[in-house]
Structure formats: C-alpha cells, structure tokens
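Shared between the two complexes below is subunit A, which has subunit B as its partner in the first and subunit C in the second.
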Partner chain A sequence: MKQSALSIDDLREAVMRLPDDSLTATREAALASLDEQGFPSIRDEDWKYTDLSSAIDVSNRWLAQGAKTESTDALRKSIKAITASIDAHWLIVANGIVDLTCFGEPADIEVEKFSDSATPFVMDRPLADLNAALLHDGLRVQVHGATEKPLGVLLIDETSGGAGVTQANVDIEVAPGCDAEIIEYQVSSGSEDHYANSVIALQIDQAAHVSYVRIQNRRAGHIQTARLSVALSADARLNMASYDLGGGLVRNDVDIDINEAGADATFNGLFLAGDGQHIDNHTRVEHRVGPASSSQEYRGILNGRCRCVWNGKAIVHKGADGTDANQANHNLLLSDHAEIDAKPELEIYADDVKCSHGTTVGQLDETALFYLRSRGINKRQATQILTHAFAADLVARAPVATAKDAITALVEKRLGELIKEEDL
Partner chain B sequence: MLEINNLKSRIGDTEILRGLSLSVNAGEVHAIMGPNGSGKSTLAQVIAGHDDYVVTGGEVTFMGKNLLDLEPEERAREGIFLGFQYPVEIPGVNNAYLLKAAVNAKRKHQGLGEVDAFEFLKVAREKMALLGMDPKFLNRGVNEGFSGGEKKRNEILQMAMLEPSLAILDETDSGLDIDALKAVAEGVNTLRAPDRAIVLVTHYQRLLDYIEPDFVHVLSEGQIIRSGDKSLALELEEKGYDWVREAANA
Partner chain C sequence: MSSENIESIVNRRYEHGFVTDIESEGLPPGLNEGVVRAISALKKEPEFMLEWRLQAYRQWLEMREPEWAHLHYPPVKFNEISYYSAPKSDEDRPKSLDEVDPKLLETYDKLGIPLHERARLAGVAVDAVFDSVSVATTFKEKLSDVGVIFCSFSEAVLEHPELVKKYLGSVVPRRDNFYAALNSAVFSDGSFVYIPKGVRCPMELSTYFRINAANTGQFERTLIIADVDSHVSYLEGCTAPMRDENQLHAAVVELVALDGAEIKYSTVQNWYPGDENGVGGIYNFVTKRGDCRGDNSKISWTQVETGSAITWKYPSCLLRGDNSVGEFYSVAVANNMQQADTGTKMIHIGANTSSTIVSKGISAGKAQNAYRGLVKVMPQAHGARNHTQCDSLLIGKECGAHTFPYMEIKNPSARIEHEATTSKISADQLFYCRQRGISEEDAVNMIVNGFCKEVFKELPMEFAVEAQALLNVSLEGAVG
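And now, the complex of A and B:
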C-alpha cells in the first residue's frame, strides 16, 4: 500500500498563517526540508514497523479544515487536575501554545520563549522539520541550581471541532554540577483525531545529574511522535523512566549522546498496550567516548489486539574504550493477538567494551498462577497480581519521588482496564 | 471429610493414578508414603486441582461436595490447603499481601468481611514467632531468595493463617536440616485439631518421628497397596518398599 503524502501546499498556507516573528525563517527552511525529504515511510529501516499513514491523513484533514486548533471547554480543568496531582514547576504546551501560568517563580530555573530568544534552533529530521515548520513557539529552559520542586513539562492536547495537529518543542539545559528532577507528561483528550508531534532536547552539563520521568497517557486512537534527545557531558548522569499507557499510534524516539567520558545514562521504560494500540519505542545510544556506561530495560505488557515495538540500538564508536552498555527488553503477552517486535542492536567499533543485550517474550508463569489459585485467589485476581508484579518493578524505579504516586495510580488503572473479566 | 474412590489420573499420555481409594476423617493425620514415581505428588496436585493432571475416572468428595467440579481457588476456599514440595518464588508480590489476599478470599467465601489490617499483622507475627521466622519475611517477595527451609516454613505459615480443614503437605520434609524439620513439624503439630485433617506426603519415615500419624498408607504404581498404623512406617524404613510390593503381589 502506498503511503499517502502530506499536502505540502496546504501546509505552506498553514505555515504562512503563523505569526510573523523571529521563527519565520526557521519555519520556512523546515518546510523546504520537509518538502524535500517527505515523511518517514515504512521503507526506511527505522520505520519499518510503524506506518505513519494515519498521522499524514489526520494532518491533511486538519490542513483541509484550515489548520484551526480550538480548545475544548474542559482544557483548563484538565490542566488544573494534572498540575494539582503532581507538585512541580509546570511548563505547559496546551494545544501547541506555550503557557507559563503554572510555572511559579523558581529562583534557579530560567525560561524564555523561542520567539524571544536570540539562539536559533536547528532541525534535520523529517518529524523535527514538521515540528519546526508548524511550531507556534517553543521554550528554552536553563536549570542553574537545585530546585525544591521538580521541573514539569506538560504537553496537553484537547481540541474540539475535527482533526487536530499540535507541535511542542522544549529545550532544557542543566548547568554543570546541578541536580535536577524533570517530569514530562504527555496527555490528550477531546476530538477523536489528533496528532501530536514533540521534540524535547536535554543537555546535561558536566557532573550534572538528571532524574527524568516521562508519562504518556493520551486518548485512545490519538497519534504521538515524540523525540527526546539527551546529550551528556563529562561525568553527567541521567536516570530516566518512561511510562506509556495510552494513545493509539505512539512512536517514541530516545536518542542519547554520550559525548564525554565518565557519563552514565540509565533509562527504563514500561509500556502497556491493549486493543488497537501500537506503541513503538526506539532508543539509540551513541557512545562517542569512554569510559562511560549506559543501561536500559524496557518492559511491555500486551493484551488484546495490539502491536508494540522495542528497538534498542547502542553504537560504540571507535576509540570509545571502557564503554559498558546494557540493554534488556522483557515482554508479557497476555493474548494470542498481541505482537511484539523486539530488536536489540549493537554496533561496536572499539576494542575494550562490555556490552550485553537480552530479550524475552512470554506468558505468565503457569506455576505461579496455580500457586496463587491454590491459596484461594481467583484466576483473574491471580493474573492481575502477577501482571502488576511484572510492572511494579519498573514503577518502583521511577526516579522522581513526587511523581511516583501519580505513576502508580495510572499504571494500576491501566492494568485494570487491560485485564478484563472476559479475557479470563 | 475426604473420600477418594477408584481415582484414575494421567499427565500427558502417562497414567499415574490407577484406581486409588482413600478415606480421611476429621481429626486424623495420614501419611502417604511410597517410592519415587508412585504417584504421591500427583495425588496431592489432583486434590488441589492442578489442570495438568487429567482425571480419567473415579470420584473425590470433600465434605460431601464433588471436589472434581471445583476450580483450584474454590477448593482452597472450601478449606483445602496444599503445602507445595517446591514453593514458587514470585518476585514483586509481597508475602504479606499474598497472605492477606488469601485470607480475605476465604473470608469472602464464608460471607465475612475483610480482615482487619492491624489484627492480621498481629496474628501473622505470632505465627511466625512460633515457626521461628523473622518478621521481615512478611515484606519480602513471596519466597523470593528464601532458602529451602524458609520456603517450607512459609508454607506452614500460610497454612496457619488459612486454617484449612484439610492440609496436604507434599514432601514438606525434603531439603530440610534437622532444626528446620523440627520447627516445621512443631508448626504442623500445633495445627492438629479435632476438626482438621492432615495428609503428609513423604518419601522418608524421618518426618513421622516428629509428626505422629494415625494412619500410614503405601502408594505404589498409582494405588494404595497397604495401610496400617505408624508401625508400618517403621517397618518400611527397615525393610524397604520392595517388601510391601512383594507382599501385595503375593
């Protein structure tokens, strides 16, 4: 099947309707680049499991409707509920519009809009081009010191009146020696058709430590493509955990660049998928120098008719001796119709390296299930207990304490939905 | 309490129980002995309801109910407890959580409300002290990283909390050193009661020095070939299983 094409003329019109400001030149350059490169297609190795046709269709419908984005009446209420549930300095991008009303006045975090900033931003991938072309505005954040509350980045979409397409772009730098906690929360409701495309860049300066949690809880059927690029300087540390709970078609790209020695990146992920969901986690770690270490563990729980992808790539460049890279992916398939494509990839060009990878795909342990049932616990509850235990380990690893209760509640709720009475 | 009549069962294509009959009354302690492969563990698993074992004939009733119609969890709630030969490790499931879920499942079945959390912990700690278990085991994953002896004590702890009418203890003595064996036996002895029956499945006579049975049965090739009192166990210890088999065939 041929992938539909983005209506580039309609897109050009939409770009021209955006405010004429300091971003105009970048938008136009991004548009030209997108026109040349097109959308990623399943013919590209990196996209062979994830077909973006539906994202293109939603975009074309949105463009045909005049690229209008109207907020639902409930948007403010949703924002309030989330920002109240997790105490943080919240930077918000609501339906593509930056919003600083829940940020407060932290002494050690500086924020400016892209449109007010002298620093240009450069994008070179098709989805980043789309992001730059249609970007209303972005946020540049600098964390200078320890803050009493985490930094929150809430990307919320709640549009009404037909298809919606939104872009978010946040650029964060954590200054040398700083400890920072960051929460990224992507959520949506509203119109049935929505495509959200985000780009977040995180620079962790020398000896700075970042604890990062990502929560994705979009409405069923909604499309998300999200790129998170993290660059680590000497002795910098990243401890991250991602939780993918909702959405229809979700593609997360996590790129980690280890640019200087002594850096350590630990990033884990949990994805829960049910009927109609497609969740694709692509991770890529570039070990450019050593010694340095990276470690990732992604776990998936799949039920019903769904498909998930985990593709973990580690590239150890020539001369990056003393690299220690580990990757693991474990999946629990609770239905015959669930599919996981798990692909660990190692490219090693250095001599003195330690790399490991492991992938498992399986069902619940029958012996454990019988053990619980023999204690009077019914099959449904036993299945739930064992599935929760599989997820609980990754919930326990959420590195931002403030967000843990919210994550626990969201994971429990989603698992409750996934394991239904009629399945058992 | 438990009536087994001409029970036949297979796993895969292998017939293991070949017409086994046994009657267990309240207050009694039965020991089922036999060589490896005689069907002892199969009997325990069939009574608990493991679906790998297919019942091909015979009847099993428990307190007048047809046991074979019930799911494993229903059997447990009716008052049957199986102490596993190899207790399963379940990382991520808290030991106290499992105990409480099990107790509450049974209480719900009996039409009672959920157990009071404070009272539950108090009782659990008392029973653990009796079994020589460190209370910190409550907060560990179920059997996760437990030694052989700790796992078996944990089984007896579950039994003590669930207060079953019929407890089947499958090779509870295997892999235990003498101190652990004594602690486990003591735990079982305190659970002997006029309204409770206990079936000990064991390969060796050793356990029976500490838990004195009322009846001893010898299982061979899926059938009980001889029954007697505790002296039968001693005789077995002395003369071996071949002796009973030869006597049965004669």
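And now, the complex of A and C:
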C-alpha cells in the first residue's frame, strides 16, 4: 500500500504563520529535514506494525483548514477536573499552547519557555522534526530539590470545528541528588479527529531519583505519537510506570540512555485495548557503560478488534560490563479479533552481562474461571476478577503515590468497558 | 589459561582445509540467460525444468539483495562466480564405490568420513555431493525394495519428473527471496527423497556436501517428500577446503510432510569460516523450509552450525495440517570473525498446531551471532502452542550476541512462551571444575557441551558424537 504523503507546502505555510520568535530558525531547519526524510512508513523496521497514514491524513486536513488551534470552555473544564483529581504542580500544554496557570510557585522547580532561552533541542527523527517545525513553544524545567507535590505535565487537547493537530515539547532536568516525582498525563476530547505528537526529554543527574507516571487516556479514535527520552547519569535511578487506556492509534517510544555507571532504570507499562485501538509501545535501552541495570515489564489486555505492539530493545555496548538487563512482556488475548505483535530484542556487545527476556501470550486460565464460576460468580464477573488481577500488579507498582487513586479508578473503569456481557 | 596456550590454539589451522586435485569441467564466471540455458542443457533437462529456471532467473533480476540481517560483508559480485562445475568423470559415472575416483575417496578419508565403511557399518546411505554432481550413491537397492526414492536431484528430474513438477517450488516459491530465486535459476544438483505411503525409511539418509573448485558457487537443491504416514530421518553435513576468496553458497531445501508423516532433518555445518582475520570463508545463504501439509504431520529441524564466514539461514515450518508439529533445535557457534544471523519461523495455520524452538548461540573471538525468529499464529489457528527458548553464551570481550524474536499472534487461544538469556561462562563454574583437577579447556568444553545438551540429544547418534567434537574444536582456545 502506498502511503499518502504529508503536504509539505501546506505545512510550510503553517510554520510561517507561527509567531516570529527565537524558535523560527529551528522550525525552518526542522521543516527542511522533514521534507527530506519524509514520514516513517511500515517499510521501516521500527514502524513495521504501525501505519501512520491516518496521522498524515488528519494532519493534511488540519493543514488544509488553516492549521487552527483554539481553546474552548470545554477544554478549561477538563483541565480543572484533572488538576483537581491529582494534586501536583501542573505544567499544561492545552491544544499545543503552553499554560502555566496551574503551576503554583514551587520553590525548587524552575520553568522557562523555549522561546526565552537559546538552547537548541534534539531533532533526530521525522516525528521530532514535525514537533519542532510546528511547535508554538516548549517548556524547560529544572528540578533542584524535593518538592512536597509532584510535578505534573498535562498534555490536553480538545477538538471542535475541524481536525486538530498539536505538538508538545517538555525538557526536564533533575539536579544531582534530588528526588523528584513526575506525572505525565495525556488526554483529549472533542468531536473531531485529532493527532497529538509529543516529545519529552528527561535528564536525571548524578544520584538523582525520579519516580515517573505516564497516563494516556485520549478519546477513542484520537491519534498519539509520544516520545519520552531519559538520560541517566552516574547512580541515577528511574522508576516509571505507564498506563495506556484510551486513544485510537497510539505509539509510545521510550528511549533510555544509561550514560554512566551505577544507574538503574525500571520501567513498566500496562496497555488496555478494545475495539478500534492500536497501541504500540516501543522501548529502547542503551547500556553504554556498566555496571548498570534496567528492567521492564509490559502487560497488555486485548479485547475486541484491536492490535497491540510491544517492541523492547536492549543494547549493551562494548565495554558495558556488569550490565543487568531484563525485559518481560505478558499479554492476555480475550478476543478472536485481537492481535499482539511482540518483539523482545537484545543486542549485546559485551560479555560480562546478564540479559534476559520473557514473553507470553495467552488467555485466561480455564481452571481459574471454572473455580470462580463453581462458586456462583457469573462469567463476566469472573473474567473481570481475573483480568483485574492481571492488571492490578502493575497498578500497584505506580511509583507516584498521589496518582495511585486516579490510576486505579481509570484502570477499573476501562476494564469494565472492555469486558462486556455480549462478548462472553 | 596461559596466554601462549590460547595463542597456540587460536592459531590452529582449519584441519579440513585442502583442495582435492580433480580437474573441473566448469562454466566461465558470469550469469545471464545463456548460463541458465547451458546448465539446463548440460544436465539434459526436460523443457519444463528449463522454463522454470528461466522464470526464476527473470524474477531474480528484479529482486534486491536483502539487507536487513545483522551481517556486514562486502557485496557479492554475482558476475564473478562460475555457476557450474562438475568432476570430470561425469561422463562415465561410477556404478559402485570401487569405481569412484580414488582421489575423491581420499578426500573423504581426510575428512574422517570413511564413506564405504561408514555406509556399511552404520547402515547409512550416502548420496555424496562433490561439487555439483552426485558421484556416489549407496544402498540404493535396499531403499528401492521398500519403494524409497533417494537420488540426486538431476536424476529425479529425468526419472521422476511428475514428482518434481508437483512439489518443486511448492514450499519455497521461486521468488520467495533473493537467494532462493538465484538458486532456482542456477541450482546444480542436490538430493531428492520420496518416501511412499506408510513406509518407515529403513535407514538414515545422508548427504555430504563439499565445495571444491575455486570460484564456484554451490547451489544445492534438496526436495524431500514424505507421503502419508511415512517417516524419514535425513542427515546433512559438510566441510570445505581452505580458500582465500569468499565462496557463495545459496541452497534451498524443501520438505513436504503429508498426513501423519514425519521428517527429521539434521545438519552439521562445518564450512570454512575464514582465517582469524576473516579472510576467505563461505557465505552461506540458505533457504530451508518444511511444509506440514497434512494433518498430524511433523517436521523437525536440528542444526549444529560451526562453520561459514557468513550464515544467513532460517529453517522454518509451515504448520498447515491440524495437529501438526514443528521443531527447531539449533546450536550456532561463531568464533573469530564469523557472523551468523540464523533462527527459524514457525507459522501456525492449522488447528492445535504446536512448535518448539530451542536455540543456543555461542559467540567467541570477534564474532557476531544473532538469533532471528518469527512465531506467527494465524486467526484460524485455534489452540496453537509455542515454546521458544533462545540462550546465548558469550566468550570474550569483543564478540556480540543478539536476539530478534518476532511474535505475531492473531488468535486468542494461542499459548506462546518465549524466554531468552544471555550470559558468559561464570567464574564460579570454571573454578568449581578447576579445583577438581579439570583443566580449564576441558572445563569450558564441559560447560559448553552442557549448554548445548538439549540440542545434541535431538541429533542422531553418530551426528551427536561428531557435533560435540566439532564444537570443541571450534571453540578451543576461545576462553581466557
């Protein structure tokens, strides 16, 4: 199938219409790079299972309509509801526009807009180019000390009156020795098609510890490509959990760079997919030096007509002795129309390493179902109990205490929607 | 282990590196339609075969060399390869082993394969392929008593054209991939096996491959058909003389198992891997695929890969029949500058199909060893079951071990398990052996053999012994 192309001319016009500020040069460079490379297609190994044609289509329609982004009352209401449900210092990018009204004045967090600083940002792949080209503004955050509330990053979109496309770019640095809690929340609503593309970079300095929670609860049918890149310095630690609940076509890229010895990265994920969803989680850990460790566990529950992808890659570079890298991926397939494509990859160029991966795909245990049913629990409830148990482990591992209740509620709600009477 | 000791072992030359001095009757280097026609004419093939080759050649012209493998090598110059060579005694083929060119027998002797002895004592029929034409086939009568056809591919084309027509390319189509298309156009010879209904082949069938004349690509074509409720075990093994130039080998192996049939295909591959700097050595681009076409059929691949500079090989199973079974057991050793990208594909199509994958990769020296596998469960494949285990052992600081397993699951009743580990030989294990008076080298051999045990136990007896010895030789001195 031939992939439709992004209309670069319309894109160029949209870029020109953005305010002339210190980002202008970057936007133009990004546009040129995107023009040259084009969008990734399923012919690229990294995009084998995920076709971005629909994102291109939404983008083209949005561009043709004049690339408008507006803030509405509904959007402000949603922001209010979310910021009220989780107590945090919220940095908001609403429909692509930076909003600091819910941030408060934490003593140990410094925030600066990209347009106010001169530091260039990374554009190493087409989606990063698209992000840079269309970016209104980004946020650079520095965490200097432990704050009593977590740092929240809310990427929220609401569509009305035509397709929407938004970009968000946040750059966070956690200073040496600091403990920080971060919540990334991506959500959308509205009647029209939408495509959100985000880039978040996290630098964890020496001996700093970061607890990170990612929640993705976009509206059904909305498209998301989100990239999170984390760089760890000596003895730095990352403890992350991500939850994919909503959206149509969702692609998450988590890139972790272990640049100095003693670092440890633990990152887990749960994806719950139903009809019409395509959730693709790509993770990549680069062990550049050792000793260091990384560990990931992703779990998926799939019901209805959906497809999920999990691709975990660990690269142990030459000389990264003492590396300990583990990958695990477990999937529960509940429907005849669900598909999971799993690919745990290891590339190892050092010998003093311990690496392992494990992947399973299966359905609910018949004997466990029978046990519950023999005690008078109906099939739907029994299925819910068992799927819930499968998910609960990862919910329990949410590293940010403040967000746990919200996550539990969201996961339970989504599981309730997924396990419907008529399927059983 | 002392460093001189390592030096001496690392510098050990490839024992099977020699060239037998037999004049070759070959085609000049280069590839075009004329060459394809010439090969077909030399083999006195019927029209349908020539047509098949020509179509493959035309399709090959439109295809591109695959680049996705985790391999690095200079591009193959397809126009500098001679696509056909045959021992000169082709005209009057020997009727029995006594008539076989004594020089050839000497070659086998040097390789430690006493052909006639082995054939008689071990009850193995050998269809030895020397370069491109079969020169000795034994135990043919015993096999024909039970109706088993075991002959060279060229012979099969002439004598059993109906079987060849029906099954050739039915598992690996001409345009399946770049190298399969090339093979389809210029394949020289190979083995053909047909096991009739209900027959259990009375002996293990075996072919020894040799690459000889310089600059000659070897394009084997093997086709094995196991009819309803039959059983066959086939052994393939090879060694090759020392060369300074890279030799291309692009073989195709097709297996067809009908209802209730079972095919066991075992390989020990020990081609010249190149010297310590990676000079010379065989390029091995092989397409092997088995089709479990019938219900309750089974295809089992077992391979021990120790040779070749470059290995690109994925013996696969199409599990089409209900309750069919696919197995893949592999030990791949890469030492010095060797590169291997190997694995399997298990495609579950029928109901209640199951597959097992056990892959053991050993990397030493500066070698790169990759496992690449696909487990695919189609939507209609209810009750599919797969277990995959791929383990890598790293010996030395400069080698690499990689795994690229793909799992594409489209049926909820599938149970798929995949595990992989990578580690080095632990100092604890070595210490334990050493303190009991076992030399370091023996200890390493023991540990490596233990690591590969699951695969070796799948090999037929005589192969298992050979494989273990081969593994020890391949890895000797790699540990420091």
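As a working rule, the second predicted complex is superposed on the first by the 422 of 424 C-alpha atoms of A that agree within 3 Å, B and C clash if a C-alpha of one lies under 4 Å from a C-alpha of the other, contacts with A are read in each partner's own complex, and residues count from 1 in each chain.
Definition applied: contacts are C-beta pairs under 8 Å (C-beta built on N, C-alpha and C of every residue); 3 or more make two chains touch, one makes a residue touch a chain.
For clarity, every value in this text was computed on a predicted model and none was experimentally measured.
In the superposition on chain A, A:45 makes contact with subunit C only, not with subunit B.
Contact with neither subunit B nor subunit C is seen for A:195 once the two complexes are overlaid on the shared chain. Shared-chain residue A:298: touches no atom of subunit B or subunit C. Of the two partner chains, subunit C is the only one touched by A:353; subunit B is not. With both structures placed on the common chain, the touch criterion links A:342 to subunit C but leaves subunit B unconnected. Once the two complexes are laid over each other on the shared chain, residue contacts for A:392 go to subunit B alone; subunit C is not touched. Residue contacts after overlaying the shared chain place A:374 against subunit B, while subunit C stays out of touching range. Comparing subunit C and subunit B on the residues of subunit A they touch gives the larger count to C.
Residues 68, 70, 379, 392, 394-424 of subunit C are the ones touching subunit A in the complex.
Taken in their complex, subunit A has these residues touching subunit B: 365, 367-368, 370-379, 381-382, 385-386, 388-390, 392-393.
Only residues 45, 318-319, 331, 333-363 of subunit A touch subunit C when the two sit together in their complex. Of all residues in subunit B, those touching subunit A in their complex are 48-51, 71-73, 75-77, 81-82, 84, 87-88, 90-93, 97-98, 101-102, 105-106, 109, 141, 158, 162.
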